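Going by the order they are written in, the chains are A, B, C, D, E and F; count residues from 1 in each one.
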Amino acid sequence: MNNGLLNWFKFASPQSFYPLAGKMIPWFWALAAVLGAAGLYIGFFVAPTDAQQGEGYRIIFLHVPAAWMSMFIYLVMAFWAAIGLIYKTRLSGMMASALAPTGALLTFLALWTGAFWGKPMWGAWWVWDARLTSELILFFLYIGFIALQAAIDDPRRADKAGAILALVGAVNIPIIYFSVKWWNTLHQGASVSLSKSPSMATTMLWGMLLCALAFWMYSIAVALMRVRSIILERERGTEWVRQRLTSAAR
Amino acid sequence: MLALLKTVVARDLRLAMRRQADIVSALFFFIIVVSLFPLGVGPEPDLLRRLAPGVFWVAALLATMLSLPRLFADDFRDGTLEQLALTPQPLAVAVFGKTLAHWLSSGLPLTLLSPLIGMQFDLPGDAVWTLVLALAIGTPALSAIGAIGAALTLGLRGGGVLLSLLVLPLYIPVLIFGAGAVDATAGGIAAQAHLSVLAALSLGGLFFAPWATAAALRIALE
Amino acid sequence: MVWNSFSEFLAMGGYGLYVWGSVAATALVMALEPVLLARRQRTLIAQIRRQLAADGRSTGQAPRSRA
Amino acid sequence: MLEASNLECVRGERRLFAGVGFRLEAGELLSLGGANGAGKTSLLRMICGLTPPATGEIRWRDQPTNQLGAEFRAELCYLGHHNAIKEELTPLENLLTTAHLAGESLAEETALDALATVGLAGREDLPCRYLSQGQKRRVALARLVHERRALWVLDEPYVALDVAAVAMVAGLIGAHLQRGGLAVLTTHQAVALTAGTVRELRLGH
Amino acid sequence: MLALLKTVVARDLRLAMRRQADIVSALFFFIIVVSLFPLGVGPEPDLLRRLAPGVFWVAALLATMLSLPRLFADDFRDGTLEQLALTPQPLAVAVFGKTLAHWLSSGLPLTLLSPLIGMQFDLPGDAVWTLVLALAIGTPALSAIGAIGAALTLGLRGGGVLLSLLVLPLYIPVLIFGAGAVDATAGGIAAQAHLSVLAALSLGGLFFAPWATAAALRIALE
Amino acid sequence: MLEASNLECVRGERRLFAGVGFRLEAGELLSLGGANGAGKTSLLRMICGLTPPATGEIRWRDQPTNQLGAEFRAELCYLGHHNAIKEELTPLENLLTTAHLAGESLAEETALDALATVGLAGREDLPCRYLSQGQKRRVALARLVHERRALWVLDEPYVALDVAAVAMVAGLIGAHLQRGGLAVLTTHQAVALTAGTVRELRLGH
């Protein structure tokens, strides 16, 4: 067990993770492309027209994956933050900061595609529905995390402060989600509500799942790219970076 | 440990008193924000009555938040925070003391004042009482959660605005249940459930937040 | 295949603006993010190479930090 | 009693010092020298445990300070570049709260006596905001008059003080050493102590 | 004189940029405060549409005000203000420069963002445009008047809250006419008159406020 | 050139000094002495026109300074207890803006040269917040390297500086006097100047 832990820490060192990430990135890109192509093909060419929403519902193939990933990434971010605080591994903090912008962008996409869906379906770009509102708050949490780290220029300090914020946020997200939900239902029912068909056509479901997987792979690929930049930035003074960059390879 | 707690609370309260304006102004800020609304929205009593709970709580949030940047900043700048970090007791105890003092000088006066403003908005009597109760139970959570934000943004210039960016999203549950309690009473429903959640939030906040805050402070001191 | 013609595909049953607006935003973000990241990595590497070269030339002198 | 070995300090991408070590016994003073920016303040903060060292260890009574924690802090008195006084409190109030926060009880007469010792008689009840630069420093230093903790860590205690006050503070430190206390201090002024052994440590090249 | 003006504006803007988060956070503060209201008041679109103008302007007021305490405080604490007071040019010129920089980093971004939030509240198109126009014309007055308050409370501890106490009442005309303009458009009336008053307030403020501010600063320096 | 007569300073209910007067010609330095709280800083601020004196008058080139106003300020360079630097700007940016705010144009090379003179080479682009106490003071003092205004008013310029830096600043002041400049300064350290006539004035009893 001890041995396994040691192995783990070996990869947790930026020095050995940097080339590993470099090797993994193309694979994740390939997976994202294949899964995305398949999902969009099913979504846009195979899946039938929805009885209530017409063709407008096809936004679902972008919206739902973006929404799922936006929430999932926050959890992963908080996980890395906790690891960083507990085991003091340098890489963890870097992973957390690498994930945040991607998470924020996906949250933005969920909001954007949601708004573009809402306008034709509900007649408004935005309503104060529980789910929408909590997604908006999630966006604020991401922005807060990014802004906090941007405001601190000692990276180690930025990591620790960010980690505390991410953890506090992670504890709060469920509280926020349920409070918002309760808030909405206690008032008079929202004047509009999601018209979910009880049993989604299986093709639809498949398209959505494939797209979600594609978004997942995309997120990993992008996060790995970003973490490589972060590693280089922070370790620019070290011997291994010097060797790596003075030898021909990159 | 208790002695330290007492000293911290006493010192912070004395400082708040000495800066005379402090307590009074937090109050007045609350009053002014609440009074601005009728000016911006128009004077219909029905509309205002519906707005009242939300506006009150938003104003309470903002008033609490406005005094947060100073919670640790002065102590940080003049070196007192280093001294606190070097006392034998855990830093979280001192933080708890400061949180308490912050509540005593911001949340409490605001709570005591609220019946007056409730009357201004023509709220029914039992709704006013729920308002007072909700504020009394909920505002400690605001101080406790706010302390985390204050500690995280310590020493960062432009901290005041960044602080609100971090803290306001975390305040949302308090806002919702706080306003919900008053709304419920005004609508003739019991506010019990809302108040219980508020109490849970406050207790949880007062218990866990000081540790997070202390950790953040140690980082700021490095 | 659910479409009879390309223009029908574009029209999306009257929801073209919304569907394609969403697709465009997603495509834009997902294309731009990796491109920007790749560029950041390239400039960073060039920057560090320059700095290393400069350090190699004038050894012993503290490098001016924070470019 | 206080021992440091192989300390290294890294700030940003700059290594301020490395391989610094010293050993200090009861009744001894470590006088830290070095140019501006050499890392004296950083070293003092390391000793106190405010900043963790990049490498190396600091031991107090043969135990690592980061393990001792509260036990070590209970024997430590730190005075930094900043005065740690509140501008809206009076010198008396400041002195009393500082003591209480440090977990000590201080009678009002003792505090008044300390303030008189540092030459603030007549200013005990004037909010510190009105005091001159040197008077503010004196309020911070008044704490030392009745301080009996074993280890004093003082960052440029003589700054902004006039000649008489410098002598007075040097006297306080001398008495502390004579009682068997330890002290670490930095200063750019050459000040003679009345008692105790002085060890010198110069940071930087 | 113009050179001094340029230096002051450039320096303050650079400081704002350096504190990176600053501008972004002022914006997000605005967004968040605006979003708090639906959470407090409830999600009915009709109610929210009526509230929108008032809420926007109150949020703009608060966002501007929140960055005011720092307008002179940093310069005061570190001695820069003394240096400014000792330049041969009138202090009012430097003050004007700082006011301008403040608006560029608070009022302007907020104005540019407002259409988006207008849509969140489901405002009709022409009301959104009036909102943008009103904010563009009115926010300079907020910066100019705010500067007086910031100067008067300079060096007084507890200044942040005291500042809001002084400044908010002075902001009320801007609030009333700003919200009035949007309300008028939403109600189908021309907003011309409201906007003219706003313009007058801003021009007057920018012209007279720097002198008052400079005088207040000199007092603070004594 | 600079002349003060019968100055009185009252703070709160306390009269710090009264009947203070002096006359300073080109190439002369007035060294203000006195214990902490004697009123040195207060006197300097009076000379600059930041605080009006309770009684008495200050004249520059035989005209009252409060009438001269901007004209007097254009010949004055004041450096207070505080450094007047922004922690988030770099030394280079700080120096340039200070000069521009004072209405002078300063080329970037000149500024870099000044920073090198005060020993900040290699720190030009590090935000000042990271600098040590003495380095911050040096940033403020870098302004003096190319300062050609006639009257320098310096409040404890040597504070926090190491020995080398004190000598460097003393050299700058000496050169200024030799060019025919005037200076008023306070300090608690005895520092020998390289040139110029020194007049002493002690405040307090």
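Going forward, a residue touches a chain if its C-beta (ideal position, glycine included) is under 8 Å from a C-beta of that chain, and two chains touch if they have at least 3 such contacts.
Predicted model, so just to flag it, every value in this text is computed and none were measured.
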Least step count from subunit E to subunit F, where 1 means the two chains touch: 1
Leader among chain pairs (count of C-beta contacts): B-E
Farthest chain relative to subunit E (centres taken as mean CA coordinates): D
Distance-maximising chain from subunit F - centres being C-alpha averages: A
Computed distance of Cα centres, subunit F from subunit D, in Å: 30
Computed distance of Cα centres, subunit E from subunit C, in Å: 35
Interchain centroid distance [CA atoms averaged], subunit C/subunit D, Å: 53
Inter-chain centre distance, subunit A versus subunit B - centres from mean C-alpha coordinates, in Å: 32
Contacts with 2+ other chains: residues of subunit B: 18-19, 74, 156-158, 162, 165, 168-169, 172, 176, 183, 222
Interface hub residues of subunit F, defined as touching at least two other chains: 81, 87-88, 126-127
Set of subunit C residues in contact with two or more other chains: 62, 65-66
Residues of subunit B touching subunit D in the complex: 3-4, 7-8, 11, 14-15, 18-19, 74, 77-80, 82-90, 94, 221-222
List of subunit F residues in touch with subunit D within their complex: 11-12, 34-38, 40-41, 81, 119, 123, 126, 130-135, 137-138, 156, 159-166, 188-189
Touching residues (chain side subunit A, partner subunit B) in the complex: 137, 140-141, 143-144, 147-148, 151-152, 157, 160-161, 164-165, 167-169, 171-172, 175-176, 179-180, 182-183, 186-187
Subunit C contact footprint on subunit A (complex, rising order): 44-49, 54-56, 58-59, 62-63, 66, 101-102, 105, 108-109, 112-113, 116-117, 119-120, 218, 221-222, 225-226, 228-229, 232-233, 236, 241-242, 245-246, 250
Of all residues in subunit C, those that touch subunit A in their complex: 1-3, 9, 12-15, 18-19, 21-23, 25-26, 29-30, 33-34, 37-38, 40-41, 44-45, 48-49, 51-52
